[in-house]
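Take a look at the structures listed below.
Two complexes are shown next, each including subunit A; its partner changes from subunit B in the first to subunit C in the second.
Right after this comes the complex of A and B.
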């Protein structure tokens, strides 16, 4: 996998990105940047626009304002599939595996989708399945797995697309404690070994704190804070959002 | 390693499907005229449903238009095999640009393949539309294809004889020839299912957006499957023409579409085995019901007309309620094995729709 061929460090960047649904500004003037090898956390309360931001970056939604670029390439109006081919790959908050295909087929289909030939797709899929500990389930249909394993299958599938930027929407949801811990460790591993940039949407502050190099906090579609995790945690607006409103 | 066990064992399914076809052919070759005829129609239906399933099973997109491909195949075969002198009489009013059609002639097997190719061309022309549609839209669009082709065949009298029958087609379709094409269709369809394109198309069947998010060019793979299935359905139309010797445009319209849809839906429209099992099961059932209606089991007194259709509809409803994905669900036929994972799965899915019916082997 993580061949040490030093690729030129890349940047995936959304500048002033925005989209609205019937007047609701789901994402409003958000600028966010991920560099290869970096894990950026995207946090915020329910409905704050995290998934919508991922939708904009991945091309599932077209931005009505702002630009999205991968280095010199303008992605703003590029189709989702073309972005995948350039290495911008996302997972879904709800998993969305290919339910009635086996785990191996799930991962292999993605490897084929990203343009590999049959044999290389097989080899890549087998490697990723081993890497994520999915081997015992490789020949089982995805729908028969536990929620946690389904998540991991979805991540395996994203890795099979050979991402340069990996956009993960709450990957630890539905995982039990130990699964979550090892997943977090793997996410750091993806960034380091694959020199891949990771944008991690996550609710759990503790998880975010130990995983991310940089944090970006959204509330009601707007950026309320960003910076190093330790600083963001001390930001009064973040404290209010995360701890103030609860009581 | 163990991980790839499923692929090494996957030749089981096509072999079992061919065995079902062989059984049908053996019955046809040894039984009397009536049963022989039923067996022949079953074999030809098998080629058709295998063709349609190549598209619907992998894409999950239902089609009501494949009979149009069958029609193109049948008409092409008529043109290629009716003796030239007879064609001069039948098609005296061919437009000038199509005059050459009165003189073309081909031996049967090339004619079958050319008929498949003619249907493939129609598939090629319609593929861009099919590639873009799903769900209800594609149901309507494929039905529109059927209606358009039917109307053209019905109205273009100078070329198609309109509503008059095509006659004088030599009988070339033998039981064993039909069986040979069943074998070929199983191989082609299975190979497609296991191909790169087939796997990606199945991924899009399971979740369209997740497939796109994995880089899958869904439209392209849909088009490939559509064109391949057009070819196979064209072949079945050709075999049908070579069996009937004369046919009418009405043979390729709604009632045929309904009959094939029943086979595919009862068997399970998401799997190749489903199409094959459905075609055989429905053919047997229909013959049984026909005999029932004719009074064969009630001491010779015929039962009310329409009873057979009514009972067939009832069976369809029961299957749809009990197993919405048909007898096979997304499963393929396999010998009962010691596959732990499969069994665990079956136990887990027992509450679900597909766990209900075991493969009849």
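Right after this comes the complex of A and C.
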């Protein structure tokens, strides 16, 4: 599909970010950074604060502490819609596609929302649909799709917002390892073509290890490790989280 | 079934479908059960009364202008500040708008019902496939059918239509994707104004009179039809309205003369039975969730 666009490299950065609910620190003092063209994996056990971190970065939740910036722009108290306009776009675990719109219309709605005219929106939507292998389902209503295809439709819709940073919440859930790797590699290819940064929340360590440039590990709302996948894999704290203490 | 009966049945079905789409569109986008819809219809009817001695295209154009202006004013003055309010607050606000507009009309221009002299062409009959069909019924069918087709084209084939349908299904998500509330909501009110005006023109042709409270019954038909078809589904709402109109005509034909006064009792008993079997409406499917 379209050619790569030359864009100034950007950084999406959360510094000391936290969310506190009635004294409970769901996320506490987490600093995370994603650069253009980079795929950062956000991993950790259930309840470790991965989705909450995504909610903070996307504007679904307001931060109780810390700052979120896109280059020089302070996003900390900015609405989700304004962040989307600036290019910070997320997907949801549950897809949240428009059930009665076709797959093509779902993607087109996002392209129109990003400010494109009808013809260019349709062309962009068609290109993304081809790239993610959704062409056979393009004219089917989203409500008739399988769970996996709904997730891919949601990703296609996010891509149609022309993101500078894409925040993906378990995009490959319900797919086997090879399907998951293939999907995330497509997203990675798309992102690198456009110098777009990706923050990927994913459970499957094998998928994460094969697709991410950098990993960030959370446990109980706090950062326990970060670095290159090979280094993180050897980190004793990560081994303890995933495999328990060695006796 | 005779041709004149079919024309009357499909025509009334199409009229009721227009009424239900007007109700369901705003409910989908704003969660607004708009009881002021009847007053938009009344505003258009008042234009028909005011311009009844002008050439009919002028009267029709003014009905469209009056309805769209009242629809947009209600959005700007009442609903604009309540966009994020819960549905109950919106419903009460729409009651307030409805009563305010109706009261102003009653105190000023429509203290009592006013007759609108019927256009001569409406009382004629045409010979169609061996049956004598009223021009009024044919025009009802043509106008309402045409409006339904135009709405279907707008919603199905245009960028605005895709954004309207996305917003009607999940407005929060649509906003998150950058769909502009300040574009979609006023456009939805304009569409509602146009639909109300067309319904109103047909109602004035059929009733021959205009009054301050004339919008109440069509508004209720719109609400009931939308509930039957499925409030959150525009196709379902249109189907609900169509079936309501068709069933009304059918009951008028098949009921014996001594039971015709109870037509609405039969109609709404059927509605209750439908809602017992499908409380979510005829075409409302479950929302898509994957986890």
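Note that the second predicted complex is superposed on the first by the 236 of 247 C-alpha atoms of A that agree within 3 Å, B and C clash if a C-alpha of one lies under 4 Å from a C-alpha of the other, contacts with A are read in each partner's own complex, and residues count from 1 in each chain.
Keep in mind that, in the parts below, contacts are C-beta pairs under 8 Å (C-beta built on N, C-alpha and C of every residue); 3 or more make two chains touch, one makes a residue touch a chain.
Everything quoted here is computed from the prediction, not taken from an experiment.
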When subunit B and subunit C are modelled together on subunit A, clash or fit: clash
Subunit B versus subunit C as contact partner of A:126, first or second or both or neither: first
Touching partner for A:110 - first (subunit B), second (subunit C), both, neither: both
Touching partner for A:86 - first (subunit B), second (subunit C), both, neither: neither
Subunit B versus subunit C as contact partner of A:118, first or second or both or neither: both
Partner chain(s) touched by A:98 [first = subunit B, second = subunit C, both, neither]: both
First, second, both or neither for A:73, with subunit B first and subunit C second: neither
Which superposed partner A:150 touches (first subunit B, second subunit C, both, neither): second
First (subunit B), second (subunit C), both or neither touched by A:174: second
Subunit A positions touched by subunit B in one structure and by subunit C in the second: 80-81, 84-85, 96-101, 105-106, 108-110, 112-115, 117-118, 121, 143, 157, 161
Contact footprint of subunit B on subunit A as seen in their complex: 58, 60, 80-81, 84-85, 89-90, 92, 96-102, 104-106, 108-110, 112-115, 117-118, 121, 126, 129, 135, 138-141, 143-144, 157-158, 160-161
Contact set on subunit A toward subunit C in their complex: 80-81, 84-85, 93-101, 105-106, 108-110, 112-115, 117-118, 121, 142-143, 147, 150-151, 157, 161, 173-174
Subunit A contact footprint on subunit C (complex, rising order): 158-159, 162-163, 165-166, 169-170, 173-180, 233, 235, 285, 287-291
Interface residues, subunit B side, partner subunit A - complex: 2-6, 196, 199-200, 202-203, 206-207, 209-217, 270, 330, 341, 344-345, 348-349
